[in-house]
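Paired with subunit B in one complex and with subunit C in the other, subunit A is shared by the two complexes that follow.
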Partner chain A sequence: MALAQKIQEKTQKALGAHPADAKISKSYFSISFIALLVGGVLGLLQGLNRAGLLELPTWLNYYQVLTGHGLFLVLVFTSFFVVGYFYAALSHNLGGLQPKVRKMVWSAFWLKIMGAVTAVIPIIQGEASVMYTFYPPMAASPVFYIGLVLFVVGIWMAAFGAFIQVANWRKANKGQHLPILSYFATGVFVLLLFSSLFVAIEVFMILPWSLGWVDTINVMLSRTLFWAFGHTLVNIWYLTAVSAWYTIIPKVLGTRRFSDTLTRVVVMLLVILNIPGGFHHQIVDPGITESVKYLHVFMSLAIGFPSLMTAFAMFSIFERSGREKGAKGLFGFFKKLPWGDVRFLAPMIAMIAFIPAGAGGIVQTTNQLNQVVHNSLWVVGHFHLTLGMTVALTFFGVSYWLVPYVSGRVLTKRMNKLGVIQTWIWTIGMTLMSVAMHLVGLLGSPRRTSYSNYFGNETALGWDPYLIFLAVGGTLLIIAVVLQVYNMFHLMFRAPKGDSEFMVEPEAVGGNKTPFWTERWSRIIVLMLIVIAMGYVIPLTDFIFNAPPGSPPFKTW
Partner chain B sequence: MQPIIGLIMFLFLMLPPVANLLESIMIFHMHMQMPLIAISGFLMAPFFMEKFPKFFAKWNERGIPGIILFTLVMTYWSIPRAMDDALTMYSVELFKFISLAFLAGVPLRASWMKLTDFWKNAVFVFFTLQYGLMGLIYLMSDSQLCNNYLQSEQITLGWGFLTVAIALLIYLIQLVIIDPSDYE
Partner chain C sequence: MLKHEKIWLTVSSVMIIGFMIATGIQTFAFGMGPPSETERVDPQKVDEHEVFSEPGVYEVGENKYEVVMTLEIFSFNPGDIEIPAGSEVTFKMTSKDVTHGFQIAGTNVNAMVMPGYIQTITQTFDEPGEYLILCNEYCGSGHQLMATTITVV
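Presenting the complex of A and B:
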């Protein structure tokens, strides 16, 4: 078996990505970056409107733009990138995708596109300005929800395709550990599957209600189901970014990975602990007793533990890589890091951004502090720092080698330089914008609100300087978006042909044998289900058995 | 190290504010406080196993007496009346802490590795059935089963039992349908 695998690895190295699998990843990346462009433009419109610099026409108002911005970036950009990235890993690690799996991931592709298009139509018509969180009592046109159903079914197809691929590889390679990036992929798809079950139940509650078949809906129940999905989705992107930090960064630095066991335990913990964390989004919601909220803070903060393990592992990798290159002194290794290489720079800035972003998350998870910032622009600043910096920059960093790899092309020095410039513009833009958002949020500026000076109220006028910074940041960001999209399509179709390496470091330090219990996914899933039960039985029983009369649909726009 | 962590955890759970918070909600009382006490005993077990190896060798040779003791104690504490007693009488509250830590947590640790797969699975089957049954009783009872807790809390606890039973059932089903030798 070992010999067969070696031969397979050698051929793979010589031939590069399997053409049929490369096409899958390329298609997913294309849609992802087109969504980035569209979503980015909508983001700019919003930023300019919020700063009072641009009045949007009635046929494309602020709330439509907000809903579209969320849908394109939160759902389409991320989910297409995640599938394209992990399927490239599954193909590379596990000897090419199986024909059946290829068919599944293509059906997933078209289902997701159909879903996204179906959802966008009512947004354009002004029938679905429910914003990307889409929870009752605001009701969109049923078409919007049908689109979301198709999108979720597409996600399930991609998840099951991955499971089949992994199960078959494991049958053919008994007793072996799943290669690390495929291990991350399995964790991500498990989370995607189980979290989207919640949103599927929610959408099936909303659909008859928006069609008028039932009169009322349980608002608290549907909000809770939404956030069980919503928060996990956020952590799915985060776990995807973490996968790149653990496996790709060491390769770029030319050193080995941090402990294999620790890496796998981090994945396991993030899978097990994640879903109940959604509750901290509802920490000021009525209908949940204080003691339950208090215990939920604990469940949410539990996710911080694997993140701190990750931080430790990363600094260890940096230090080792620096010392191998002859760095001296306590912090000398920082100078030895390849700051001029976009494949390192972008994820590195992403990681640095996660230090304040994670701290901001802890602020929001804490009951008392949440009262100060809830529904203010602080929250928007927070997720632009997490999604816009930590996740997006990691995705960009990955795409600078993965897109050329699947396209059979190479990253030239010029493109690398352009990538570095793009990364810095993005960083400056996002920093200006999210810092301004955090600060103006503390001063009370609300989120999800079109520009208003509230009849010249003094407090509201005091927000204006910050909002100008928001617009400046947004303008820089659109430059970075255009550059990024140009770079990606250039690397896909125009860059010089050649062989690129798949930048994943297989070797870990320590050389200790990873225990096999890390591979027992059914156990991990059962533990996850028990943790979900711990998190959700109390509030859900309360919401269902002590339910208020329910709410009819509202169209607030 | 583990026994010290277990002891600290045991004492922490005994602190009046901690005990009061966990006992204020029915499901926390049964599905959080009680398992945590048992886990603290589980962590303290190596201390006793090292101090009294002969005792464990003599009385718990194959782990069966230990697991039966564990099962009995855990089952006793799933009775609603037992919770009422613990809240009303200090002596029973004390017995709760002692029995769950030293008569459930410790024997579980001392027995589990000695058990054959048959007995391990039997324990899972027993708790799946018990939790499923208790869940149905708590859900379907028309009257208040505990003096100290409202009926709505009883329903929550019923769902707690039932969801754990479902998770255990999924574990058992995967034991039957997934053959580890296909993968390992």
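Presenting the complex of A and C:
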């Protein structure tokens, strides 16, 4: 068996990516980066409006633009990238995708596109200015929710395709550990499946109500179901970024991975603990007692622990790599890092950004501090650090070698340089914008609000100098977006042909003595369900059985 | 496991537990818990409700006021509130339509106000001046205009 696998690995190395599988990843990446462009332009429009520099026309108002921006970037850009990335890993790690799995991931592709288009049409028509969170009793056109259903079913298809691929590999390779990047992929798809169950239930409550078949809806129930999904989703994009840090960065640095056991434990913890974390979006909600809210402080803070483990692991890798290259002194290794290599630079800045981003996250989960910043621009600054920097820059860093790899091309020196420039422009733009957002949020400026000085109110006028930075940051960011999209399509279709390497490091420090309980996914899932039950049984039963009379639909825009 | 890793993880655990203890003490010992009123109301019959049928500012004790307030697109009722400096004000609120937010800039007053639920939050205003009250949850096309003031004299 081991020999057969070696032969398979050798042939795969010689052949590069399987052409049919490469096409899948390329298609997913194309959609992802088109979504980045569209979402980026919408983001710029908002930044300019919020700074008081641009008045948007009535046929494309701020709230339409904002709904689109959220959907294109938090849902389309990310989810298409993640499927393209992990399917490339599954194909590379597990001996090519099975024909059945290929079919599934293609149907997932078209379902997701149909879903996104179906959801965007009512937004353009002005029938669905309800934001990424679509809180009832605001009711969009039913078409919007049908689009979401299609999108979620697409995600499920991709998840089940991955499960089938993994299960078959395990059957054929009994007693072996799943290769590390496929292990991350399994964790990500497990989380995607279980968290999207919550939003699926919510949307099936909303659909008949928005069609007028039922009169009222349970507002708190739908809001809570949303956040079980909404926050997990962004943590899934974060877990995807983490996968690149543990497995790809060491390869770029030419060193071994951090302990295999610890890496897998981090994945397990992030899967088990994640879903109840969403509750911290409801800390200042009515209808939930202080003790339940306190229980959830624990639930949310627990997610911080694996992240702190990751911080240690990363710096350990940097230090070892630097010392292997002859670095001396306490921080000498810092100079030995390949700062001019975009495949390192982009994810490195992403990790550095996660230091303040993670600290800000801890602030927001803590009840009293949350009350200070809830729904202010601080929160927007926070998720532009986490998603806009930590996740997006890691994805970009990965794309600079993965896109050429699946396209049978190479990353040239010139493209690497463009990538470095793009990374710095993005970093400066995002830093200016999110620092300003954090500060003005502390002063009280609310999120999700088009430019307003509240009838010339003095306090509100005092926010204006900060808001200018939203326009400055947005302008820099759109330059970086255009450059990124250009780079990607250049690497896909124009760069010189050649074989690139799949940049994942198989060897870990301490060898492969990983205990086998890390492979027991059924146990991990049971633990996850127990944690979900601890977090959600009390509030959900309370919302269902002690519900006030429901709310009829409102269209308030 | 490396020695440094053990130290790091111990410090991490202590920090996370520290945050939890601080939050717990603030909530349960100092009464600084987040606004968490659990009383329900029929969102379609707010006007017939025994309390919310008459929104307004009520003096309930020495230097103590209760503001009974309804929120609907895109206004706070009552608006332009005036209270004497040093008074403790409890806002008792509910929404007549969609989800709103209630925030007083420059203070820690920040709460979600949702249809079907009553929400309360208390604040003592010592500093005289005009405070901006605004809705911080997107509620529709006029959301950016949903604001009023509370003047402390």
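By definition in this document, the second predicted complex is superposed on the first by the 556 of 557 C-alpha atoms of A that agree within 3 Å, B and C clash if a C-alpha of one lies under 4 Å from a C-alpha of the other, contacts with A are read in each partner's own complex, and residues count from 1 in each chain.
In this section, contacts are C-beta pairs under 8 Å (C-beta built on N, C-alpha and C of every residue); 3 or more make two chains touch, one makes a residue touch a chain.
All values reported here derive from a predicted model rather than from experimental measurement.
K.L.:
If subunit A is used to align the two complexes, do subunit B and subunit C fit next to each other or clash?
P.N.:
When both complexes are placed onto subunit A, subunit B and subunit C end up side by side without any clash.
K.L.:
Is A:P356 touching anything from subunit B or subunit C once the two structures are fitted on A? First, second, both or neither.
P.N.:
Touch status of A:P356: no partner.
K.L.:
Which partner reaches more residues of subunit A, subunit B or subunit C?
P.N.:
With both complexes superposed on chain A, more residues of subunit A are touched by C.
K.L.:
When the two structures are overlaid on chain A, which partner does A:L443 contact: first (subunit B), second (subunit C), both, or neither?
P.N.:
In the superposition, A:L443 touches subunit C alone.
K.L.:
A:N546 in the overlay: touching subunit B, subunit C, both, or neither? Say first, second, both or neither.
P.N.:
Both: A:N546 reaches subunit B and subunit C.
K.L.:
Looking at A:G287 after the superposition, I want to know if it touches subunit B, subunit C, both of them or none. Which is it: first, second, both, neither?
P.N.:
Touch partner of A:G287: subunit C, not subunit B.
K.L.:
Check whether A:K174 is in contact with subunit B, with subunit C, with both or with neither, and answer first, second, both or neither.
P.N.:
In the superposition, A:K174 touches subunit B alone.
K.L.:
Of the partners subunit B and subunit C, which touch A:F455 in the superposed model: first, second, both, neither?
P.N.:
Only subunit C is touched by A:F455; subunit B is not.
K.L.:
Contact-wise, after the overlay, does A:G332 reach subunit B, subunit C, both or neither (first, second, both, neither)?
P.N.:
Once the two structures are laid over each other on A, A:G332 reaches no partner at all.
K.L.:
For the overlay on chain A, what angle lies at subunit A between subunit B and subunit C, C-alpha centres, nearest 10°?
P.N.:
For this superposition the angle at subunit A equals 70 degrees.
K.L.:
Which value in Å is the smallest Cα separation between subunit B and subunit C when the structures are fitted on chain A?
P.N.:
Between subunit B and subunit C, the shortest C-alpha distance works out to 9 Å.
K.L.:
On subunit A, what residues does subunit B touch that subunit C touches as well?
P.N.:
294, 546
K.L.:
Show which residues of subunit A lie in contact with subunit C when the two form their complex.
P.N.:
Interface residues on the subunit A side: 61-63, 129, 131, 135, 137-138, 219-220, 223, 282-290, 293-294, 297-298, 301-302, 304-305, 308-309, 312, 316, 362, 366-368, 370-372, 374-376, 443-452, 454-455, 457-460, 546-552, 554, 556-557.
K.L.:
Note which residues of subunit C are touching subunit A in the complex, please.
P.N.:
Per the stated touch rule, the residues are 2, 4-5, 8-9, 12-13, 16, 19-20, 22-24, 26-28, 32-38, 40-45, 73, 97-99, 101, 103, 105-106, 108, 110-119, 130-132, 134-141, 143-145, 147, 149.
K.L.:
In their complex, what parts of subunit B are in touch with subunit A?
P.N.:
Residue list for subunit B touching subunit A: 21, 24-25, 27-28, 31-32, 152, 155-156, 159-160, 163-164, 166-168, 170-171, 174, 178, 180-184.
K.L.:
Residues of subunit A touching subunit B in their complex?
P.N.:
Subunit A residues touching subunit B: 167, 170-171, 174-175, 291-292, 294-295, 516, 519-520, 522-523, 525-526, 529-530, 533-534, 537-538, 540-542, 545-546.
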